[in-house]
């Protein structure tokens, strides 16, 4: 039931924000904060109460809700949570708080509607992470698009319409492809068993010929790859990131992209083990290309947000790599990367947003020497930039290291290429620091350093990254069972398939 | 019999060609009436004397009169003819003719493939038609009445003008007359069952 | 005849001729029904013709009403002049 | 007492956090107390630990402590754990102690700087990372420290961030070392993949069991680690960053780019010596790299006129010696040289820093002169340091450590005359270039008036280091002085003894004698060229060949140029060309296509009724055609 | 001749037919807009209510012409409900115009009757008559605000083109009749099953021409040209009516005819439909791409949506009828809602059709903008709206019979479609919020229309979230 609460609180809270904002925007903000905080505390409590005993011993789901929705079509309102989902949900609510706080002064127009969208997009994302019925999953998947579109299109920057539409079209088109695949799977399952069901656990293990599986898998894959984003379907991302308001960027980078990774983990590999196996050379090579390409392009950018956006392309390339490498080391690394990237990139966006609020530009040419006037902000930015380039001791490193460690077992070449990607990340990380904060203050900025509110946002993020970097074991433990299970299913399926071939 | 059929067929086609090529609307209408009359002959030959009669009375008689009324009323004179002449450059014809030619070719093709055996013409008596009309097609008749009702109301609405808006009271009268006549004429055709259902 | 009606429809810009062309087409369709009815020796073809007749009449009445409106408002019967809306 | 090991990195780390968070608001005094005090505490703790280690050695001369489990994932396990043995004890002690002295020095050196607290924060973080690196019980934690020191190096080189030149130097340092790091991390993957652990002791045990000597995988693993070491220690071919790194404050150069961080590569190789022993080709490569580096850097040092750059090349060259020692298996000699080098090079830098501050931030030695009288303590410090560097026989520490290396390079199974001669030439070059600096800068006419003469906080560390530069050599007395190898004996508990093959006609005494000769030769040459006949070098550099060589040496043998053209330019070019992401063009094209379709199609909506009718008729005609044909 | 049960079965139709007659009588006595509306709604409601009475006796053949079955009743329901909504919207709209208002309802209900007849027809005669009743009324409805040039133009265009396409239809029917010898669908199906089969060279062109007639009404490419002009010129409620009721009736007939005759076995016909579907989806969406007139956007989008519905129709698997019907219902709700917003925003002088008129609407009239957004999202097919379930169903129908190419085209074209819906949505939210003055209250005459919009929105969301009951009804209704 708590799962329904997660979503309901956000939905109702969002509506409340909208209504209240007619009278007082401040109350609206506090409501939004309270709502996200409430969800965060709930999810944290769920985690702590179940850690580590229940998480390590969970059989099926930690909690679930399963209501019949469309009985004839086998559609259920089925929410369920396991370690994997739990972590992502916690991350969602945490970044929810961050984005509410980050918009505190940035958003001055249409405050109520803004928070409505903000909370609803979080609700959609939560739904994606919890849905265990493919119909419901697709439902939530599409649903989270709209508020996000609004966030970008209404409160974005100069080219917001272009960016919002591009974002929407990419995800919409790929989402429809996924819909086709979901339905194909549904009918294949029906013809095999005579049962109509969108239930995840039913559909898992649907057997089908490889060439069919490949096509069906591709539908899912493309949808998730676009979200991820994978080169060459990544081009919506820099625009969307750049034009979105701070909260939008945080949610995009921290959460929306992660839904793609989550989808790959949860659906593509377990549902189509053989096809995924067949496809993994292509996917991994694309992933590595993404890592390198994203890094080089990040290096080329002069718009700070764009730069950070391309780093996301690069980092998520690691996740894609890990998922298709598929051994447990890599998968656990992928999850750490997902979380750490959510935090570090989210924080970078918060800081860039804070900077933009102060100097009204994101162009690095208009910056330089900012350290002089805003040392704390600069220091924080440097911290996150360092996290982003994979400095050991911080969260991102653990993830990337584990991924590469896992990848090495599969392919040395890919590992080397990806490691070179890490090297390239140094280029953009240092350029970012140099161009924005170092150098001399040629534009003579006199700015206010971090406000207390901003410190409240940034400090926990620093701590979390350190925690992830130095003591990630609790996090690793949380989803280890899920990973084992996912992997087992996948390998069983795969073996069954191989057996069938012989 | 066949000869008659073909002659009237040829006349019909010729008259139709004339209809669509005339510049003067009245001329065209007259050709059209000729065409309709020859079709009536064909109907007769095909064993539908009742329909042939209706064709003459309603089509050639009533509907064409309607047209002529309107044309006269609008008083399309020399100017209109000139304009028509200008509009109708030879080039205009090419496209449609090609389309039509293909259409004809297709129809001819499909008619020529299975040789149409011309049965001995059997008359279908008006009585049979009447029986069919008020037998299986009863609802059809009712529906036709609704159709005419719709036309009546529509034409009335479009034709009606408030007195103060009038520029040309004559035309208005004609309008109203025509509209009413349109309804009545057809209603006369098959005895409208009042009240429908 | 059907084809001729079609040509008329496509070529003539005068609304009167357009309506006339439609009549020709309808007439042709009616003729086809009669012929088919004769072929099968059924009354159905003729019944259908009657309905076509009714329809043609209504069509013409509404059409002419519109035509008059057009003429009174714009003074022309050119169908192309009534092409304000496009794109 | 050994349990205190974990405290050694912890103190500076917490002091870093303190300074980073509250530093800007603290009084300078408080900053000094925290910044220096933490390192002092750390040094004291490491002194206690060392004393405990030596007085009551733990079983097997090693002590292992796991603070907490870092991560454990399906067979992969890494801890935050410290491993203490003779090697790390020596390293930690030297590092913390030198660091303490340099911190002390910095309180005066940096006193006028607005980034005072930032400086100490970085320095403390550096010490924490460096100690972690040294104490790490597994390669991953070592890598953490490794990257940490790299970061601090970057931050400190670019400390005066307002000047873009510094920034460029900092980035260059970070990126070039990261090239090496990448190789190292791949080495880590390989090692874990084959041996199943990254714990250093475990992996060395397993390697000995699993891999025969010369196994390809061992060669690969060692070579990859070597990549990391080469980058960090500024050896060929990744040495280019170090001279530029002199852009940082001089204490930084002293601590990071002379005494400690740059020797991390040496430490890494010594730490994983088993792997290297299993890979003779790599050992040879290490030795050759060392020898080549010491020669090339020595030549480059000859041509520089920036006092710090001379010292930087000298550092490269001296680490070359250490590599040479490692390459021939003289592990303890390398560590010995590391220690003495830490002392005298730190001393040299501190003295150079004092000179520079006294001379209005002037770096060019040819604009200096006569400093001997004006800042005598500094002069003496520099002189002692220089002598130690060049290896003034018997008195200075450098002589002993270098002697041991050269002897090793001759006598070990991997050694040979070529390496030995290279080392010898190096000695001569060292002596030449360092006395060139001394004669040019400290003798002759005074050119710039002295300002900010060093006070106590500067002088004290110099004095202490001077003493150490002399006395540290006595920890390992060669045969002719009694053969008391105290340090070596300690190190042999952690590192294998240097193997001696059958000795040729040269004995160790002979070797030392020849070194002395080389030293003297260099000294005399320097005296002749730079003091007695100033400008005597002009004829050498006036002809085309001379100028070319000078240019080549001055520009570090053109490495920078080649890298720039070969690696940097293509990447930057590609990035610039593709700034707008050409993949996006594809999607733009799709959008344009749609727009074109829209325009074409909306032209069909002409509003003309006859055209509409034509479309209906046309459609019908086509469909009839289709149904008839199909 | 017509049994008592048959009479009960056609009760909804009878009531529909009776309403205009009664209206005419009332008008003759006393003209009152309010009363006319009331009577219309009463008649429609009665007719709607009689569906349940009729449901007890179905399936029922009423002469050769009509077949009243569950399927027909479902479509009756859709048509009547849509007509009620349109009437509600039209009230406020007409109030703003200086024309006689009462005839509108006569024509409207007559047109609805035509559509209903189409839905129930099982004979060419009723097909043709239903079509013409619908058309004739629509001619007049299109040009209802005859003082407007665009309205007149719309009326004329619709008239000429509809008449021409009707001529094609008739000719096609004649050919089929000539080939088969009957005009009753059931009988026709039997004859076509016979081993010898009918004369294909007559039958197939005949079918093609019938498709022309149907395609015109459904506004499918290439018979779609009239759509934008007519939608633009016609009063918005009428446009809504054309887009929904007339298409719904025709689609009902198409399904029935197709299934009865099992035309899937005729590859050429399927090919023609496939071409039409693809052309409609792509053409409709591309045409709307940069369009700036909201009415035209909706027109083009309706072309595309009919294309989507055709996909399910062509797929013709077990889900097809279900999918098409549900899709149409969702589409009905959505399009009427969208045109409803246009209606409510229109004033006596101008219809709210330029995109400019919608800029920043959200900040002025959030509720109205919210409704419009919901409708547009439904057109895109976003969850929580009926359009989502509709699209889901269509794709499901396609997938169940593996019509992959069509589905791919659907997916691509609907993404193109999303673009222009987003443009409209963006316009709704564009502009600086604080510059917008406080909401002008909804004009009282539009209150009725507004409440219709509220109902439609609720319906939209209900169908999007919990369509199970409705699906249950639809599933039981297969065309016979």
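Order of writing sets the labels: A, B, C, D and E. Residues in every chain begin at 1.
Convention: a residue touches a chain if its C-beta (ideal position, glycine included) is under 8 Å from a C-beta of that chain, and two chains touch if they have at least 3 such contacts.
These figures come from a predicted structure and were not determined experimentally.
Counting hops only between chains that touch, subunit A reaches subunit B in a minimum of 2. Ranked by how close its mean Cα position lies to the mean of all protein Cα atoms, the top chain is A.
When each chain is reduced to the average of its Cα atoms, D sits farthest from subunit C.
Each of A-D and B-E has its own count of C-beta contacts, and the greater count is at A-D. The chain with its Cα centroid farthest from the Cα centroid of subunit A is B. Centres computed as Cα averages put subunit A at a distance of 63 Å from subunit C. If you average the Cα atoms of subunit D and of subunit E, the two centres end up 78 Å apart. Averaged C-alpha coordinates give centres for subunit B and subunit C that are 7 Å from one another. Work out the mean CA point of subunit B and of subunit D, and you get 102 Å between them. Annotation for subunit D: residues 602, 605, 607, 609, 613-614, 617-618, 620, 624, 628 touch two or more other chains. Listed for subunit B are residues 95-96, 99, 103, 106-107, 109-110, 137, 140, 144, 147, 150-151, 154-155, 158, each touching two or more other chains. Listing the residues of subunit C that touch subunit E in their complex gives 2, 5-6, 9, 15, 18-19, 22, 25-26, 28-30, 32-33, 35-37, 39-40, 42, 44-45, 47-48, 51-52, 55, 58-59, 62-63, 66-67, 69-70, 73-74, 79, 82-87. On the side of subunit B, the complex with subunit C involves touching residues 12-13, 16-17, 19-20, 25, 28-29, 32, 35-36, 39, 42-43, 46-48, 50-51, 54, 58-59, 62-63, 66-67, 70-71, 73-74, 76, 80, 83-84, 87-88, 92-93, 95-97, 99-101, 103-104, 107, 119, 121-122, 124, 128-129, 131-133, 137, 140, 144, 147-148, 150-152, 154-155, 158-159, 167-168, 171, 175, 178-179, 182-183, 185-186, 189-190.
Of all the residues in subunit D, the ones that touch subunit C in their complex are 602, 605-610, 613-614, 617. Of all residues in subunit D, those touching subunit E in their complex are 594-595, 597-598, 601-602, 604-605, 607, 609, 611-613, 615-620, 622-624, 626-630.
For subunit A in complex with subunit E, the residues that touch the partner chain are 69-73, 109-110, 113, 135, 138-140, 142-143, 145-146, 149-150, 153-154, 161, 164-165, 168-169, 172-173, 176-177, 179-180, 183-184, 186-187.
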